[in-house]
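Quick heads-up: structures coming right below.
The same chain A turns up in both complexes below, where it pairs with chain B and then with chain C.
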Partner chain A sequence: MKPANKLRKTVIGLVTAAAVAAGLGILVKIMGAGYFQNILILVGITLIATLGVAVLTGYTGLFTIGHAGFMAVGGYMAALLAKEAQVPFFYAVLGGGVFAGLTSFIIGYPAFRSRLRGDYFAIATLGFAEAIRLILNNVRQIGSITLGGAYGYMDLPTLDGSIWSWLPKGGWGPVIVVMAFALVIFFLTHAFVVSQWGKTCIAVGQDEVAAQMMGVNLMTTKMMALFISALYAGLAGGLMAFYYGYLTPGFFMITRSSDLLAGVVFGGMQSVIGPTITSAVLVAVPEGLRTFAEYRLIVYGLFFVVMMVFRPQGLMGYYRMDFSILGRLWRRREPAKAGGR
Partner chain B sequence: MMLVLLQQVINGVSIGAIYSLLAVGYALVYSVYNFTNWAFDGFMAFGAFMGFAAIGSLAMPFWLAMIFSMILTAILSILSEKLAYAPLRVRQAPRLFMMISAMGVNLAVVNTLNKTFSGVMRRFPIPDEWITTYDFGEISIGRMDILAAIIAFVCLALLWWFLFRTRWGLGVRVSSIDIDTAALMGVSNNKVAFIIFFATGVLSSVAGVFFGIKYAVYPLMGGAVTIKAMIASIVGGLGSLPGAVLGSLLLGVLETMVSGYVSSAYRDVFAFALLIILLLFFPNGLMGREKGEKL
Partner chain C sequence: MGSQAPTSDQLLELRNLTVDFGGVRAVNDLSLAIAPGELIGLIGPNGAGKTTVFNLITNDYQATSGEILLNGQSIRGLKPDRINRLGIGRTFQNIRLFPHMSAYENVELGLNSHPHYTMFEAFVRSPRAFRAEREARRRAHELLELVNLQDYANDRAGSLPYGLQRRLEIARALASDPKILLLDEPAAGTNEEESLALVQLIRQIHQTTGFAILIIEHHMAVVMDLCRDSRIYVLNLGSLLTFGSPAEIQSNPQVIKAYLGEKKDGRRRRRLS
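Moving on to the complex of A and B:
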């Protein structure tokens, strides 16, 4: 695409985004704010975790179906920090995320060391998530701390605008906090993906042997991707803890991992914007249509197969993040030209 | 003390026999196609539900219900291969795509069962007088446990006979070494796929029925078992059939030991810990072939 053309598309894309935002604003006015606030918060939380899966599965090619486990670790750690140690909200969430990232080494090191990537690793993540959930289900009490086991860890501090005094009190405060987190993570992920580090991840994802011959250290690259994605999942878990005000192991079932994976598979295996859009849609639609929510997993499953058979690169394929994608939606039927997209 | 230990070992072997059916299924698919068929979870639950329906609604005797369930599960398995894996196999898609596709089959099957039969746990309808125990001195063994172990080992023996004593089995073994060269030598890839997915469908149906008898029949029943069967097949070495059986028996015994002497709540955590420790010291599993990622 020629630069001028691209600029025009970008402008049109930005206008489209603004129009969508304005339309959403009107919908909020009509349907009541509380409902949209909930959806926006859930979208933000899911988005953070999904981007983690995008880095690991989409870019580095390591299949994970256990990211709910990292969410659980991050969530419980953040909750513990905030409730038992009175750590401020922001640092508690960050601490939970980093802790989740560190626990990822427990499965990362043995799985990567054995050189067989896909299956071993996927099962290790799945087993890790289930083990974490089982432990949380059975631990009622650690010393003087009541974790509650299957009943859940109750009475956590909540995200109610009282975190930073300048945030609007009430409904929109948490939305702004979560969205700010999501935006920062989104741009960080984008920066990571286009950086040298991101490129090594992509190289490993495409062909391990070729990457190794180019001097890429497989172990550190995979560990880095795993750390980042576990960190994101942990941050999402922490935000979840402070949004709901309680945590139960039931939040972190296998279905949650499947939902995250669905966002990446549908959105595009090597794309940041694709999973962003699809994870927003995948959260918002089941929330809006309860009848769809019941059939959601059947549809996801069939879609997984259809996608892999007909369009394995995902809906957005390999698109980089920029707004010209939205602009291209308005593309008129142009005469086909040779070369270039 | 010794008697309790012996009792635990026997219980462990009977659970391990059920795991081994699934673990061998994983190993069989992996040895030829180099991907883990995540859909066994759904196939197993499907098999159990078909057996359940055959006895409950169609009033079949137990043996007929088992055959009914085996055939339907095998059909489902072959159908999934044709629709979800064959297109990828033909264009030699990356393994990641095969795994995601299998994951999709699993999600669809499990959740369709969940919608049609609802998620409640059901007792598998076998005659009450079947649920007895045989007592040998102070050791008692459940009749269904013995039956499960016997049928599992008969299935495995049949599979072994098929793989090592028939021409078609030879085709499968040759394909597991190099599927493209095998095809050049006149081994039909489609026939091999048919055989493998038929066999694994039957195995998962048997596992589903006996697991349903031992615990309960519900759509999500496959989840925990198949994870453990996968762990067992990794412990034995991915793609190795005797390894899968060995791994399953080890895991079954370990599990009953842990639930007998430590805590039944943490049984599955130990299974997972075994996997991690084993990967650290035996990266290829106990009986796996010494090789890295296939190119």
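Moving on to the complex of A and C:
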């Protein structure tokens, strides 16, 4: 592609971004800041979990309908760390994420060992998530810790206020924290999928047999993808715990898993930006139109059918983000000076 | 040519290899040996079990009995990716590129199927990762040039014409730096002119890299030309029929019978060519 062409694309992208920002600004005025902040936080949390599913499903080709389970594991772990062990917020969230990632080996190793693929793997993840949810639903007490079972794990530290003193007061603090998390995860994910590791994932997603014959270790690659996605889900779960200030197993129903999967399938296979956009839309629209939220699964079903017929690769499937234009603009400046034009 | 006792200085050796699929014996007691740097042909009528032999070597199928030795070491039962890393690269009869990756990325994957930096470095893009990526890019472009695909580096592999996809597969197989290359019908579906170019290419690769090559081919002209200084093995119904130089194969009555059948009056129809 010619640089001029790329430049035009970048400009179009920036203009679009500005337009979206302006639109959001107007929305804030109409809806009130508090409501808007809530939506932004939910978008950020969902985005993190969706990017995990993008690595696993979009890139590695393993369908999952059980990532709510990993969110639950990460969320409860982070909450436990923060409430019972007084671990600082940031480390509690990280700890929850890593713990969820490690939990993924419980399901990943046997599933990949027995070469579960496609629907079978998806059902295995679903079973795992439901098992986690049912356990949490029925465990009220572990020693002196009150998990609350179906009533929920209450009185957790919350994101507003007292986490970091330098954050702005009012509702924007948690928004900044969650969005910062989401942004970091977004760029890390991009770096990962263009790396050699990311490409082994893509190869496995496209042709497992060929990938293996070319020397790709299937077990390592799939476990890695599952670990990353579970880690992201766990981080999202942790953020959720501290956003709501309580957790109930009801947060982690199969509908949440399918929301995540929908974000990736609509957004596009092998794409980071696609799922980012769609997951934001899929959270914001039902939140904005509360009465519609109940019917969203029906609409998703319709979308799925329409999508499979007209655009099976998803909205932005196989679209690669390219940040090289930034590097090139930077580099171009120097020779231009030297040329003396 | 007389029977050749398998010796340990062979690069790849199959000893009494047998595989059963249910009640069907797809490969029966096959022994075959390839020395370093040799270019060997494997031919046979449809359904003779040629591709099955490749799948057994790379452990896509598990052998029922027999041994597969690489440099005197048994590789039977190892995982396909391990076998690849020990030095066996292959192409596929029905092309199996990664269709949504670019031609360049396909080759790059062959180079980096075992990444040269840690997963953590992939996330943070360490300087070492940058260097590894740059080195891989250089090497991948070299390989693309070798198979004459440098102009298609950024095209989606799935969108390339058939003949170019075959060459890209060869480049990808070369990328893992094999000691022996298994080519499964590289000339399938190509016309006369293209298959001539392919003969040139394979010979050039053979000469420049010094890899041993085992080639399955249906185009007799291609395989007879390529293996003119070495041997051709002939499979029929899973068993080794004979092996020898192209000239010997072409005049062997058993081979002609296997390929063309026999006329009732016993007269041979024509020389195999």
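Throughout what follows, the second predicted complex is superposed on the first by the 316 of 341 C-alpha atoms of A that agree within 3 Å, B and C clash if a C-alpha of one lies under 4 Å from a C-alpha of the other, contacts with A are read in each partner's own complex, and residues count from 1 in each chain.
One rule holds in what follows: a contact is a pair of C-beta atoms (placed from the backbone, for glycine too) under 8 Å apart; a residue touches a chain by one contact, two chains touch by 3 or more.
Keep in mind that this is a model prediction, so the values were computed, not measured.
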With both structures lined up on chain A, is it a clash or a fit for chain B and chain C?
fit
First (chain B), second (chain C), both or neither touched by A:113
first
Looking at A:138 after the superposition, I want to know if it touches chain B, chain C, both of them or none. Which is it: first, second, both, neither?
first
State whether A:197 touches chain B only (first), chain C only (second), both chains, or neither.
second
When the two structures are overlaid on chain A, which partner does A:21 contact: first (chain B), second (chain C), both, or neither?
neither
Classify the contacts of A:188 with the two partner chains as first (chain B alone), second (chain C alone), both, or neither.
second
Could you tell me if A:304 is touching chain B, chain C, both of them or neither one (first, second, both, neither)?
first
Looking at A:217 after the superposition, I want to know if it touches chain B, chain C, both of them or none. Which is it: first, second, both, neither?
second
Per the contact definition in the header, classify A:209: touching chain B only (first), chain C only (second), both, or neither.
both
Quick check for you: in the superposed arrangement, does A:270 touch first (chain B), second (chain C), both or neither?
second
Of chain B and chain C, which one touches more of chain A's residues?
B
Report, in whole Å, the shortest distance between any C-alpha atom of chain B and any C-alpha atom of chain C after the two complexes are superposed.
9
Intersection of chain A residues contacting chain B with those contacting chain C?
209
Interface residues, chain C side, partner chain A - complex:
58, 60, 79-81, 84-85, 89-90, 92, 96-101, 105, 108-110, 112-117, 119, 121-125, 129, 132-133, 136, 172-173, 175-176
Interface with chain A, chain B side, in the complex: residues 30, 35-36, 83-84, 87-88, 93-101, 103-112, 115, 223-224, 227, 230-231, 234, 238, 265-266, 268-269, 271-273, 275-276, 279-280, 283-284, 292-293, 295
Residue positions on chain A within touch of chain C in the complex are 188, 191-192, 195-200, 202-203, 206-207, 209-218, 224, 270, 318
Going by the contact rule set out above, which residues of chain A touch chain B in the complex?
57, 61, 63, 65, 106-107, 109-111, 113-120, 122-124, 126-128, 130-131, 134-135, 137-138, 208-209, 254, 258, 261, 265, 294-295, 297-298, 300-305, 307-309, 312
